[in-house]
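This is the structure I want to talk about, given as structure tokens.
Every chain is named by a letter (A, B and C) in the order it is written, and numbering of its residues begins at 1.
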Amino acid sequence: MTTTQLPSRRPAVPATSASPHTPRHRRPGYLREQLSGWGMIAPAAVLLLAFVFLPAILGFGLAFTNARLISPRPVEFVGTDNFARLFADPTFWRALLNVSYFAVVVVPVQSGLALAMALLINKKFRGVNFFRTIYFLPVVTSMVVVSLLWLFMYRKDGLINELLSTFSFGLIQGADWLNDPATAMPAIIALSIWQAAGFHMIIWLAGLQSISGELYEAAQLDGASRWHQFRYVTWPGLKHTRSLVLVTITIQALGLFDQVSVMTQGGPLDSTTTIIYEAVRSGFKQQETSYASAISLVFFVLVLLISAVQRYLTREKD
Amino acid sequence: MNKRFTRILATSIAAAALVGSLGACGKGSASATSDGTSEITMWTHNAGNPEELAAIKSVVDSYNKSGAAKAQIKVQAFPQDSYNDSVVSAAAAGKLPCIVDIDGPNVPNWAWAKYLTPLKLSADLSKNLPSTVAKWEGQTYAVGYYDVALAMLARASDLKAAGVRAATVEKPWTKEEFQDALTKLKALGKWQYPLDMGTAGSGEWLPYAYSPFLQSFGADLINRDGFQSADGTLNGDKAVAWAEWFRGLADQGFMAKKSGKDSTQDFLNNKSGLLYTGSWAADKARTALGKDLVVMPTVDLGNGPKVGGASWQWGVTSGCKNADAAMDYLSYSLKPENLAAVAKATGTIPATDEAAALLPAFAEGGANRIFMEFSRNYAVMRPETPAYPFIATEYGKAVQDILAGADPKTVLDKAVKAIDANIKSNGGYKN
Amino acid sequence: MLVRIVFAAVAAFPIVFMLVSSLKPDQQIFGDMSSVAAFLPIGNISLDNYTAVFDRVPAARFLINSIGVSAVTVVLGIFINSLCAFGLSRMEVRGKRVVFTAILATLIVPFQTLALPLVWWVNQLPYFELNGFSLEISKGWLDTYQVQIIPFIANAFSIYLYHQYFESIPKELDEAARIDGAGWFKIYRQVVMPLAGPATATVAILTFLPAWNSYLWPLMVVQSEELRPVMIGIQYFFQLNVSWGEVMAYASLITVPVVILFIAFQRSFINSIASSGVKG
């Protein structure tokens, strides 16, 4: 039982037991591999098919009808009417603007903060467990409690403004955060980052764990400084984690709903409404199921495009 | 490490077995609409409200034990906030119970959707508070045990210090008097905002609490002649006047654009001087303030003081296989002693005078009798149309936008446009 | 170190507020909110709110339901999702790129879109019940435990996480095992999965959370009180007269299991950096 030296991350073409000239599908065990492979993929795939694809298609299909949540009238096919109405609705465009604003700020800031936190607790030192748990607490706390507290803190006479004026020696007078259309979104952004950074910290941690310690040792032997170690060992090693974090934060950011629903209900003056909030509002509260489905379909396509662009931009430049 | 994985594998197999067995014994009993005979299910919205739930359960128990019970009633309680969503989902899946309770203004909508069947009760509903009987297109679909009323609460000591007369049912405050009272209260300098109208609320609170002011101005949510359009009613001059008055309260610093999360608590903690809330808060306030509490009618803004009407009501679903038993139970539950028991437990206004006579607080001269007067004299039902849920959301949003500073006419026009379009796309909500 | 402490203070203060408020009566919670006292356990401190919670809500039952449902979802999920990721990353399977992309696409569908069609669809599915010695088949999964679990076992996020992690485990190990005569499942079980500790810990905690926090779905499909999870329980406190102290007490109660789980899995988050070699 010897420890072998870890090779570089992308090993060379794996040796096969047949000669290089045998076509792949003639390799012994090929059929077995196919079957085993499908056997392994199947349970998850079937579950996803049944419980995500099917209802999604049903749901998206409703976008082309005039279905209502509660209605004795039969459902009729109306083609693209819902979409025409959607694109003519200024609230939708405002929602789109809002989520874009949200995403553009949150994605870098939250992932950066999460990475910083992960780096801070990726060492072994006394009390590291304590810090790790504390950093994760915002994620675990119920949204009800979080929103109640932050609602109060954001008041004109609330904690946030008090802290601001204390730390700036009275220079900065805080605003009425949630009631001013200009500051409501930044307030929600701050709250969201605070709440979710811990979640992505965990993902970064898993990624950091997969970087071999020997690379760090080698770098240290070469006399690299902490910053150089980060730049040449850590950062490249996190390439895959990076794309995962980026994708999930973007999707979560574009799908912002909970905080808005509890704290501002889309206001003031539509400054915090989001695409999903509009979908839930029209689908569940206003009973316009088909319109909500149209919104969801547009959302889906939008996020698909953005993710595709992201993957393209961050693809492996091999 | 290998051991660990085997352990995980074993756990998951055990878990799967657990799921299987849990599934077998875990299938809930909530919607057991057994074919007709011995048991029918009733859903209600008051899980987490032990007093109300206990009161309902005791009525059910006494019915079940009485020899005349046509079926055994089983109660399933849901939390209030999410109750409607649960019912709608069950309806979407085709699995509603026999008896449900419904928030009053939703009755026409559910009746139109054919969730409810018209009531055939042996009880006489003519003496009920009108706001406790829900009708649509000439048929009665739901009946309530109680109602609630909105009022203005204040401390007598504060009013005296500010030199403000306490409003009474005979002489409520006029618009000018209200303005005067607020100015004087603010001059006391005791609170940042003398008036608390619960502007942090959302959902059904917004139309329930603020559309009565709209109606007191002479406007309304929709033209009640036919319920086909809100144009001219919700966006007419009177409506704009209401909006400007409402926003003016915040602009002049009398009330917060967004109040605290619990207005009653803030009032009791002396963060405000005048509280606009419902009769459900009266007992709590009375316990805290004792004789210093004064309950006043809401403001007369031109067309008389108005308060919302109709609270939770009971109906029978159209898929019920034993409607006879359901109707029988409902008739039973409307007996005065039962109504009185429920109203007492919940601190609400009982639906009939007979029941009120059984409760000292609501009998003549009782501490809460005044709420009954409010309900009888001022209550206006929210529009009895299937379009109501949509109207409610549009109006709610309009209120929030108006408070946030948007131009009232624009906001109201937008709401009217949406409402009219919605009514049209539903074929006028005709049956 | 100072930075760590600052971050910790920022992260922790709402939890402190929640815990402290759960000990105070309602009036004091709102009274204290305007000052630092909001975070201090002073004044009229007692456990009254907690006893009230158990009176108002079958909290123990809800906790058991949530723990059960979430745990089963996570455990089955770990198994099924890692298996899928293994097949997608380490085996030569025709069409796996397409399958993988399709699986990732499910990350994008917002749950609210799925909810209503899923309720209808789930109610069409047959259901097996053991009644004495006979196997009964009835229709509809509404109001059961499995409806809270099964739709959520397969999870694109977990698959993706495992996939990325597996990519970083060298394929030579598979070859070595195969030469030793191991079948694919054995490689999965004895070679790859044991090395995927951090990924498993990450997946466990990151899928437990959404399962624990699920609110919309149970609202729609669970009708009996015996089957409800903890998040529905919170709604019990928001009646006409809200009892904020009890809300805080309840919220504190339901935070505890997740924190415990997190602490238990923490160790796996940090490997020993010195020995990430491979034992042959």
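The rule is simple: a residue touches a chain if its C-beta (ideal position, glycine included) is under 8 Å from a C-beta of that chain, and two chains touch if they have at least 3 such contacts.
Since the structure is predicted, the reported quantities are computational estimates derived from the model, not experimental observations.
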{"item": "Intersection of the contact lists for subunit B and subunit C", "value": "A"}
{"item": "Between A-B and A-C, the pair with more C-beta contacts", "value": "A-C"}
{"item": "Farthest chain relative to subunit A (centres taken as mean CA coordinates)", "value": "B"}
{"item": "Euclidean distance of C-alpha centroids - subunit B vs subunit C, Å", "value": "35"}
{"item": "Euclidean distance of C-alpha centroids - subunit A vs subunit C, Å", "value": "16"}
{"item": "Geometric centre distance via CA averages, subunit B-subunit A, whole Å", "value": "38"}
{"item": "For subunit A, residues that touch 2 or more chains besides their own", "value": "69, 148, 152, 157, 284"}
{"item": "Two or more partner chains touched - positions in subunit C", "value": "116, 120, 244"}
{"item": "Residue numbers of subunit B (touch at least two other chains)", "value": "85, 92, 260"}
{"item": "Subunit C partner contacts - residues on subunit A that touch it in the complex", "value": "1-7, 9, 11, 14-15, 24, 30, 33-34, 36-41, 43-48, 50-56, 58-60, 62, 69, 117, 120-122, 124, 128-129, 131-146, 148-150, 152, 157, 159, 194, 198-199, 202-203, 205-207, 209-210, 212-214, 216, 240-241, 244, 247-248, 251, 255, 257, 276, 279-280, 283-284, 289, 292-293, 296-297, 299-300, 303-304, 307"}
{"item": "Residues of subunit C touching subunit B in the complex", "value": "26-27, 30-31, 55-57, 68, 71-72, 75-76, 78-79, 116, 119-120, 123, 127-130, 140, 142-146, 149, 189-190, 193-195, 197, 200, 219-227, 232, 235-242, 244"}
{"item": "Touching residues (chain side subunit B, partner subunit C) in the complex", "value": "1-2, 4-6, 8-9, 11-12, 15-16, 18-19, 22-24, 26-31, 43, 46-50, 76-82, 85-86, 89-90, 92-95, 260, 262, 264-266, 268-269, 271, 278, 280-281, 284"}
{"item": "Residues of subunit C defined as touching subunit A within the complex", "value": "3-4, 7-8, 10-12, 14-15, 17-18, 33-34, 38, 80-81, 83-84, 86-88, 91-94, 96, 99, 103-110, 112-114, 116-118, 120-121, 150-154, 156-157, 159-161, 164-165, 167-168, 170-172, 175, 183-185, 188, 198-199, 201-202, 205-206, 209, 213, 231, 234, 244, 247-248, 251, 254-255, 258-259, 262-263, 266, 269-280"}
{"item": "Subunit A partner contacts - residues on subunit B that touch it in the complex", "value": "85, 88, 91-92, 109-110, 112-115, 192, 200, 202, 257-258, 260-261, 389-390, 393, 397, 400-401, 403-406, 422, 425-427, 431"}
